[in-house]
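Consider the two complexes below, in which chain A is the common component and chain B and chain C are the respective partners.
Up next, the complex of A and B:
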């Protein structure tokens, strides 16, 4: 399973996570009746390939807006930034900084994702001028009134799931792989996720989330991919639709920057209070 | 009566043709029955414009639905924090995530408790793995749990003997019954499984889902047991009273076709069946019975006196057609008056019944004559039909003064008990003691918590406004006031969470258990909490998504509807005086029910008043005498008052059913009065008899039929008393009492009134009688 250093970008890319390769198993391969074992192997291979294709970006920053759509009437805006540092041999480090609403201005969450075990998380509260390490049961609850859980937005290492290739199926006309992934952590809010990755670029196009009862809870679709540095694809929009309560949340990403010169010293406790 | 004669002639001469045409018509209407749909649940009691329903919907829209399954775990004297008991609570908590449609699960084991651990803030479940806890750890957990205001009186009883697991359901808009059914079945299986694993505990199931499910189950049981029993009972009694099996067969057909009219109409009108209007067939049946008995008893009497079948039929029609028509119209008007109710199921019940009553009239006139001619009635001479009442008539006439005054005294005495009646419309009290839900509710009320909840949604008026310190302080003041009230057993408020987080961020210092003093800090605490909570334990049930409003939930104990309404307005007054900025109404299903119950009483009183006016107006026209119309009001009004008085003296508490008993029985009572008065007047005016003789005539002409009808109807409604659904059983009992009181008053009190008021009622007739007396 440990094919290579699996680097993880921030949540967007982690979202499309998934991974890579056994190089020989290209998209063209295998229409033969896959035995269970080969479905598992193929699922992992796809996840590893996606991960491989997205590695080496070093660091990245992005601004995003969260639009809450409540029963189709009201729209509420939240604004945030995310800074991500690729880490050799472990999960990425990231900081999420809140800009709006203004009561949260400057509030920052530092996350060290780990391939194995729970992530580390620190929260900086500007109103108290204090950083606290937060240890919690799990992070599967919705946050900021959105349909996204922190779990959905945090880095998702290849090792955090087990994979099964299901079938090929087009998404918006693009041939895609459908791969099911099951969280390794028993405390996850989901029993499984079904992901769609396009076959041309291994970009995550859609995720179906299944709740603890195994019922379809929500669907995320990712659109408006743009390629950066001739390699890294990033979506302009992620839409989360909750099927059980009918509400939805849209994330709009702007101003992706790569290799901005962030270092380890920008991702520690004392750096949190300096981030503006 | 030219038209009547021509009609009767046509009916007797061409019975089969009339029957055939009529049957086609009835089947056409009845075909609508195939379009009937069934709806269940509590929402059916409310109209779409009902203000408390609208408030409740808004509450659901903002914070999600509150439909729940409550597992009540009773250690029966033990300690819930014993290892095995705590494991049972955890087993229920964890497995409840698998319950179909579960949205959130709350219990003492998964209660999220922020703590300080060195430099870390830990936000985790109170119990991680109940099986691996040491006694010290369990003591610590008990200590924490017992000091949580959010838990005590809701999920944990003072004294730790009883705990609860509350599962909130996210029910779909469509197919709620099926959704509730699967959730409740899962809950029952889980409860049994956990109980089997731990014999020391007893698990009860309560909550709204259980209430709705029990409603559906009880209604289904009524439909398969009570209704057939009632049906058979009525037919047997008719056969016995009339001494004729053929009479029973005629009645079966009349009942069946009348119900077909009513329910077919309901189908065409797009009415859905629910737990209230499903009584319509029963009501239609009893009224169809009344029509049949009136016609058949005269027919049989004449037949047994030796008349030919067609002559006997012609005579019976001539004798009864007019009073049957009169009573059917007045009864239908009485039922239509139920449309004044604000609760749709009662409106539908009234309308379906009114159509059914007119259907019964139609069937009695068009189908019954043909049927009587087809069926082989035995002509056994010498067998008397009905109940001999000559002795009673003589006794009443002889002692009329004594009976008049003692009845009046008795009525006054009974009526004086009416003020003792207390309205209580709590759906959790809708079931008899033998229903498991009632036992569960007893445990909840006596050992754990309360069954009624008030929800306050406080709107700050701005996006992110809930973090405003002034707004939070106001809510906190109100929460403290709520907690100081004796009725309140639990208050759940996000302000507690904020205080606890503030304390934790200040290293558990006690003086920091208070609300954060700036918007920013409150907002940041809220974010801290939000990113730390697991799926299904989030704050969306307490805070709107845009953070503009907060919900506070108060649980109340042992409250009747009126108490709940009084408490709600007391709370509102207190807010207006002390925290006017946030003053809000309470919403939720409990208060919705309490309000709809009270409004029903008011609108039904108005409806009944309108019904009396209609009926009196009809009778004034029919009798062509204002005074007679007025006198008829007395026996029409008193029975309902008397039975309510008896209820007040014996029971004291009524629910939504009582408010419609008056309308429900008005038609039947009017039926008694009208038949008696028509015959009395006929004797006084057409036959020139004096008052006493006219009373004897009326007794002979209709007394037996009235008594038979009343016996059959009383037994019919008595069957409803067996229902485990107290709306059915209460109305069944009240209606039975009212019917019996009505027949007693009609046979004992009405004659004495007629004798006493004779000179005022019929000045001309009595003169004529005296002048023409020796004729």
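Up next, the complex of A and C:
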């Protein structure tokens, strides 16, 4: 239903084209699906190009601070680190380690992202030294009480969405592609996302998230991109604004490192207790 | 309830120094910087906790009190160097209890050196190791001794001296342990609540092995995952962590008897969407009475109940022990059910409420554990344990009057 609504403006535009073409060239009933097909193909092509440009990084580590803006006055700070290992032919493996608040110090989450099917996740609880396999079905739940959901922060594999190219539109003066993506997983908290990728480097600049009712829920903007190893672009900030509750969360990334020599044995259940 | 719960008055005399100490450690912690790519890093972290237990009934024995106050302190030092290939850890623990001298104790939870070399990890020193998947008890978890005076839930462990080698390959994780020294279980003293009668005399320990606490134990474990399945198979050979209790010569106290055992175990978890299916089973061979025991059940989580951020988890587990009523455990034919609440907000409020019902005697052990983060450093905890309808044959009968509520105020740094 929401998908329908989202494509309405596109539909009207197509309608004009169809009418125009119909006037000058007779029946053109097949034009509409053809146009949709090309929009789908183009959307996927943009997603694949962005993915291709970001492949081959091997591994990265990054530290980040999460600032939770609750009422505009109160700001709460969380600190964590993430390690990511690129996996050939499947989704990335990652470990997230919490440093602050201190009651979570050393708590870690290991995720094996899969291109198809649900991800594998393990949680390490340092107080008990316990590694627990957890359900990865909780996609839409808030991450650490923030405005980011777990699925917003998980590895964005191409296969996790279907794509439709919508239009070209500048973001902060940069010509960008606007591509709608619909999550494949029915457990997703979103019916669709509208993404802006700049045309020069295929960097994600903005995402609008639409909730299960089809209403605009959140907007994420990504800023301060820096290029590493002459290829890989990473943002310094990701700002999530929730339009429905007025709250916001900012992620500030620091100290990106690439090809640090991480291997499979660093992304193992038993490695979780040693990551600290 | 024969006695009214009195109002909680956390003595300001203790609270004020705790707050002052908090300011000091904040300053210390801010000075430390951790990054996992630096060639060397070190940090001091940890917590201090002020705990107040309020017992709902008058004590069964004259030396016991109606409430207790205690303080715990656990600093943790970590140091990584050699591009994180080597680690040194030191975690001492101290508990000071106003009532029970036996509960006032210190331990070294961690004191080890570890070397990581790709697929191999070698560790020498004192550490804690957790095995298993179940919630109502940790049946296959055997490396460490239980620090029973800390909590009757048996989740607190004494540091175990060990040499440990882990090997990781495509076939799973292989772990070998050599355990050169045995830690004796801690028990409450005569002033403490939640104790047996006759009292267990922790100083009058009997070993089956002539080497006593110097008997060298071994353990091996293989664990791996296959899609939705996580499996662990282990074998332990050495001194039983669980003592048998025998009446001492004087007849006025119980003595812990530690026999030699060979225990083989399996633990399995199958994770299917929001359902976690769990099984732990052991076979224990010894010179007294071989037996098997298992615990199995599920945990099902409803994520985002009614459009909110709240998760509700439903737990059900069945515990069986072949020894029946003669088992040293309370859980010989018992059903555990529980509900886990988490609000997923910045306070990380969590509540686990549950009950264990004995299928034969209908004795009920009810349990609530809750915690809430107050701010970046402070966490408030609440624990309630009730023993209801306890049958005379049930080991819980000895602590039937020890229903309690505990409030914990913890400061992390």
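Here, the second predicted complex is superposed on the first by the 240 of 276 C-alpha atoms of A that agree within 3 Å, B and C clash if a C-alpha of one lies under 4 Å from a C-alpha of the other, contacts with A are read in each partner's own complex, and residues count from 1 in each chain.
One rule holds for everything that comes next: a contact is a pair of C-beta atoms (placed from the backbone, for glycine too) under 8 Å apart; a residue touches a chain by one contact, two chains touch by 3 or more.
Quantities reported herein were computed from a predicted structural model and do not represent experimental measurements.
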Could you classify chain B and chain C on chain A, in the superposed arrangement, as clash or fit? clash
Per the contact definition in the header, classify A:98: touching chain B only (first), chain C only (second), both, or neither. first
Touched partner set for A:207, first chain B, second chain C, both or neither: neither
Does the superposition put A:128 against chain B (first), chain C (second), both, or neither? both
Touched partner set for A:109, first chain B, second chain C, both or neither: first
Should A:68 be classified as contacting the first partner (chain B), the second (chain C), both, or neither? both
Tell me which partner A:275 touches in the superposition: chain B (first), chain C (second), both or neither. second
Looking at the overlay, what does A:120 touch: chain B (first), chain C (second), both, or neither? second
Partner chain in contact with A:87 - chain B first, chain C second, else both or neither: neither
Classify the contacts of A:244 with the two partner chains as first (chain B alone), second (chain C alone), both, or neither. first
Tell me which region of chain C runs into chain B after superposition, given the options 94-102, 112-120, 130-138 or 184-192. 130-138
Kindly list the residues of chain A that each of chain B and chain C touches, one partner per complex. 68, 70, 76, 101, 103-105, 128, 130, 132-135, 137-138, 140-142, 144-145, 189
Which residues of chain A touch chain C once you look at their complex with the stated criterion? 61, 63, 68, 70, 76-77, 81, 83, 97, 99-106, 118, 120, 128-135, 137-138, 140-142, 144-145, 189, 255, 257, 260, 263, 265, 268-270, 274-276
Going by the contact rule set out above, which residues of chain C touch chain A in the complex? 29, 34-37, 45, 47, 78, 87, 114, 116, 118-119, 121, 128-130, 132-133, 155, 166, 168, 173, 175, 223, 225, 230, 269, 271, 273-276, 301, 303-304, 309, 311, 344-348, 373, 376-377, 379, 410, 412-413
List of chain B residues in touch with chain A within their complex: 61, 64, 97-100, 102-103, 112, 117, 119-125, 170, 463-464, 467, 505, 516, 518-525, 527-528, 530-538, 540, 543-547
List the residues on chain A that touch chain B in their complex, please. 68, 70-71, 74, 76, 98, 101, 103-105, 107, 109, 123, 125-128, 130, 132-146, 149-150, 187, 189-190, 211-213, 244-245, 247
